[in-house]
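Scroll down for the structure; my scribbles are underneath it.
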Amino acid sequence: MHQNNAEAATSVLPATDSRPDRDLPVDPDLLRDLVTANHILYDQGVVDAFGHVSVRHDKDPGRFLLARNMAPALVTEEDIVEFDLDGAPLNAAGRGVYMERFIHGQIYRARPDVIAVVHSHSPSVVPFSVVKETPMRAVCHMAGFIGTGTPNFDIREVAGDGTDLLITNNDLGKALAKTLGEKVLVLMRGHGSTVVADTLKKAVYRAVYTEVNARTQAAASRLGEITFLSEAESETTSRNIETQVFRAWDFWKQKATAACAALSNQFGAGQEL
Amino acid sequence: MHQNNAEAATSVLPATDSRPDRDLPVDPDLLRDLVTANHILYDQGVVDAFGHVSVRHDKDPGRFLLARNMAPALVTEEDIVEFDLDGAPLNAAGRGVYMERFIHGQIYRARPDVIAVVHSHSPSVVPFSVVKETPMRAVCHMAGFIGTGTPNFDIREVAGDGTDLLITNNDLGKALAKTLGEKVLVLMRGHGSTVVADTLKKAVYRAVYTEVNARTQAAASRLGEITFLSEAESETTSRNIETQVFRAWDFWKQKATAACAALSNQFGAGQEL
Amino acid sequence: MHQNNAEAATSVLPATDSRPDRDLPVDPDLLRDLVTANHILYDQGVVDAFGHVSVRHDKDPGRFLLARNMAPALVTEEDIVEFDLDGAPLNAAGRGVYMERFIHGQIYRARPDVIAVVHSHSPSVVPFSVVKETPMRAVCHMAGFIGTGTPNFDIREVAGDGTDLLITNNDLGKALAKTLGEKVLVLMRGHGSTVVADTLKKAVYRAVYTEVNARTQAAASRLGEITFLSEAESETTSRNIETQVFRAWDFWKQKATAACAALSNQFGAGQEL
Amino acid sequence: MHQNNAEAATSVLPATDSRPDRDLPVDPDLLRDLVTANHILYDQGVVDAFGHVSVRHDKDPGRFLLARNMAPALVTEEDIVEFDLDGAPLNAAGRGVYMERFIHGQIYRARPDVIAVVHSHSPSVVPFSVVKETPMRAVCHMAGFIGTGTPNFDIREVAGDGTDLLITNNDLGKALAKTLGEKVLVLMRGHGSTVVADTLKKAVYRAVYTEVNARTQAAASRLGEITFLSEAESETTSRNIETQVFRAWDFWKQKATAACAALSNQFGAGQEL
């Protein structure tokens, strides 16, 4: 009853799992961390009812883990599904999956160094995605990973006018991965952004600080001309400050776990499609 | 004791119900969803002490359901009143009703396709209502329903200078419905906005994302020239993304129910007029 | 140990009560409402650790009621002190009192129609107080009481350069009351604002909506030229919409009581000076 | 496993305590206040996972107290470490310490009048740090301590391009202290700010109101030309209003203790490095 469009329905309706056997068990700690990552991204205001975070399988680089189609704040270990890099679910067992899982699969394929991916509509980043004359740049030391410019993916240039702006197939996923290139952050015009890292905790950290940097840059731009981080400062801050990611993770985890437990105590888990 | 103005009092004081018998029972699920809609709109920051949401009666298109005169966060099933399309209460039983129920009735009359209506003063939308040179447009894929422009109802042009800006009778309701036309959103100068949909859940979704879009457009306008959604993108995003309304509703319901239960545990229901 | 300035200390140190006998008992409901008003103003973000609200004594127009020197969120009935219109405490019994009680006394003296006074540093109003070229005006129907302009009290014009910007004596209180004149709202340069009404509930409502209007006007001013409420619209909205103050009060009371109870359960009442 | 950079690691890895014996016991009230200060700064939005507050030892001006390397909201008395003015830990006992403890040590050395130091990235202050043409000034009476201008430390001018912007050694600490000079607040380009005071409670108050002033000045600058506090007003407000610091402290303590207790009940103390 929720689908009023056949095309969109195809990508959210339960798909037949391409490889129903789950031979390589995921590290249980990684699974728990992925649940925590969902909760932190909600609690820190990066995702709300929409947005998603994935991690590459620790034993099979050709697979990744992502929640079924639901709000991140409500995700539990039972909601995590395995996918191959084409976005085909391996153990969905009839559950609905995210329409935009192709973002994750195609970035993992194009970038062997990437271990985790966050896609969000975080509120201060979307404005930058629709103003091409003002690129997002690192303004503060916590966001050195952004560097001196951010690619902006405009789906209209790739797929023409009249799309739904979503990355709903592998071709669009490949095009987005191409725009990302070797960077860690890509804006998506009128939509949001996607950020990557070589660890799950770092990807969460970067998603949070992408939002902080956007808010800071927007505020600074109203005060006058900005002294941005230089290329060299971006590199050094990123390298040194990201040694401290654990401090943020540990604290955010504590906050988020409390916040999401309070939500889940009310009703039990989210509702199936 | 709260009324110090006879004219205003007329429309809030208990009215004699025009048809005291309630022959067609509403679907109990719809009634529960209307209570949830009130709570979600509060919890998402669309309404506070003011604002209201209605749904058309599922068995009689000539009636609609709306809470009695109270804050949305406190509404329970017992607070829902039936109205005819002229805004006459059918079972108020002496309870005060909203001064602006005519917004709902006249839109249901003019637009047979409309099943639900949300009227609010959501904070980022009011600024657009008072700046005529800057129309609200869809800037992000979640708000494609806004399209490439939004009508703005200035009561001064219809009823002259010196009104209270409220839609307190059927003539003003008709004028507002006329400005809305076939659109889904109408701004109201110095007052707020009204948004409609063909389901209750979608109307709630649109009210929330009208506020998100306003915030995003305002922020983007300070960064430079905006690439808005095209007409074709607005149509496609609206059609495809609104298949995912259930995901937002399920999550928002869980959040809002917890938040409003905490409020109601303090005192019991809101106070009668 | 907290006083490092003799002059300031004079006005916060316990004063000898000028009339120690409390012959005219206050209406207990009014006393409870004054406590609630303190809590609402905190919960709605109008006051934080600073700011205060008073009400005129219901049996003696030459007295008013105001909390002792403490944060509004923590005020209980036991913390309310009676004052005469010169700001002399009648039953402080050695407790510290607000340095700026003269705001209240001198407005009650100059304006027999005023029953309640709120003084705050609410965050969106202070910016208007320091930018004289941009007067605050009513932009939305809920804030019609603001009208088409707001007087701005600059203490430097009255008391010269080098003051502490506070209204710490009766002469400054009189000067402020003179700038307020017959209006309901006066800005105070670099400091905040003071708003009055003929009922306590209405004064609280106006303090909240002064903040809302400031936020809305600031946001609108960044979008383009604003259509403000006309003089006639300001009058009609104020007269009609303020019949609905009870709806906001009842809801805000419920929210604020829950929030402040959670605070007080931790430690008991605030600490004495 | 968290260190992927040898240089940065040096300053966070457990250091050998330079004087393992703790001969001069700190006043237990001061220790408790330092824990409270950590919690208040978190609850008031000045620090999040990062930022820190220290106090000079009450019996040995050549030592100061600062938490080990962790999020302020989670700090307990057991987490407080003593340092000498070179930033060498005296009783870390193998625990990780903040990379930027040199901010504190070198300011205590340069400024015998300073008893407490807060370093933060509070969100409205960072934009001022990157826009040199718009200095932060006191706009409201609560922030008179800021005065008529604020020094801005640009590490690039001291240590050249390509640093990580952090104050990770005594030379950088000395350079920062030199830029601070006899002021109470110094901005740090692309990084944050540091504020000092002659009591711990006042330093916390100033850190909170530095953020409030930044938010107010930014908002006012969009409305037109600002009337700032004069030099004389800055001095008088600072002197008189800071007699009321206890009122803020008592209230903020109550709020923060509740908020942080709720966090700590979930997991116990933060995780070791």
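Letters A, B, C and D mark the chains as written, and numbering starts fresh at 1 in each.
One rule holds for everything that comes next: a contact is a pair of C-beta atoms (placed from the backbone, for glycine too) under 8 Å apart; a residue touches a chain by one contact, two chains touch by 3 or more.
Here the structure is a predicted model, which means the values were calculated and not measured.
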| item | value |
| --- | --- |
| Distance in touch steps, counted as few as possible, from chain A out to chain D | 1 |
| Chain whose mean Cα position lies farthest from chain C | A |
| Numbering shared by both copies at the chain B-chain A contact, with half separating same from different | different |
| Cα-centroid distance, chain B relative to chain D, in whole angstrom | 46 |
| Chain centre separation in whole Å, for chain D relative to chain C (CA means) | 33 |
| Sequence positions of chain C contacting 2 or more other chains | 222 |
| All pairs of touching chains, each written as two labels joined by a dash | A-B, A-D, B-C, C-D |
| Of all residues in chain D, those that touch chain C in their complex | 139-142, 144, 212, 215-216, 219-220, 222-230, 232-233, 235-237, 239-248, 250-252, 254-255, 257-258, 261 |
| Partner chain C, residues of chain B touching it in the complex | 2-5, 7-9, 12, 48-50, 69-71, 73-74, 99, 121, 123-124, 126-128, 130-134, 154, 156, 161-166, 189-192, 218, 221-222, 262-264, 266-267, 270-271, 273 |
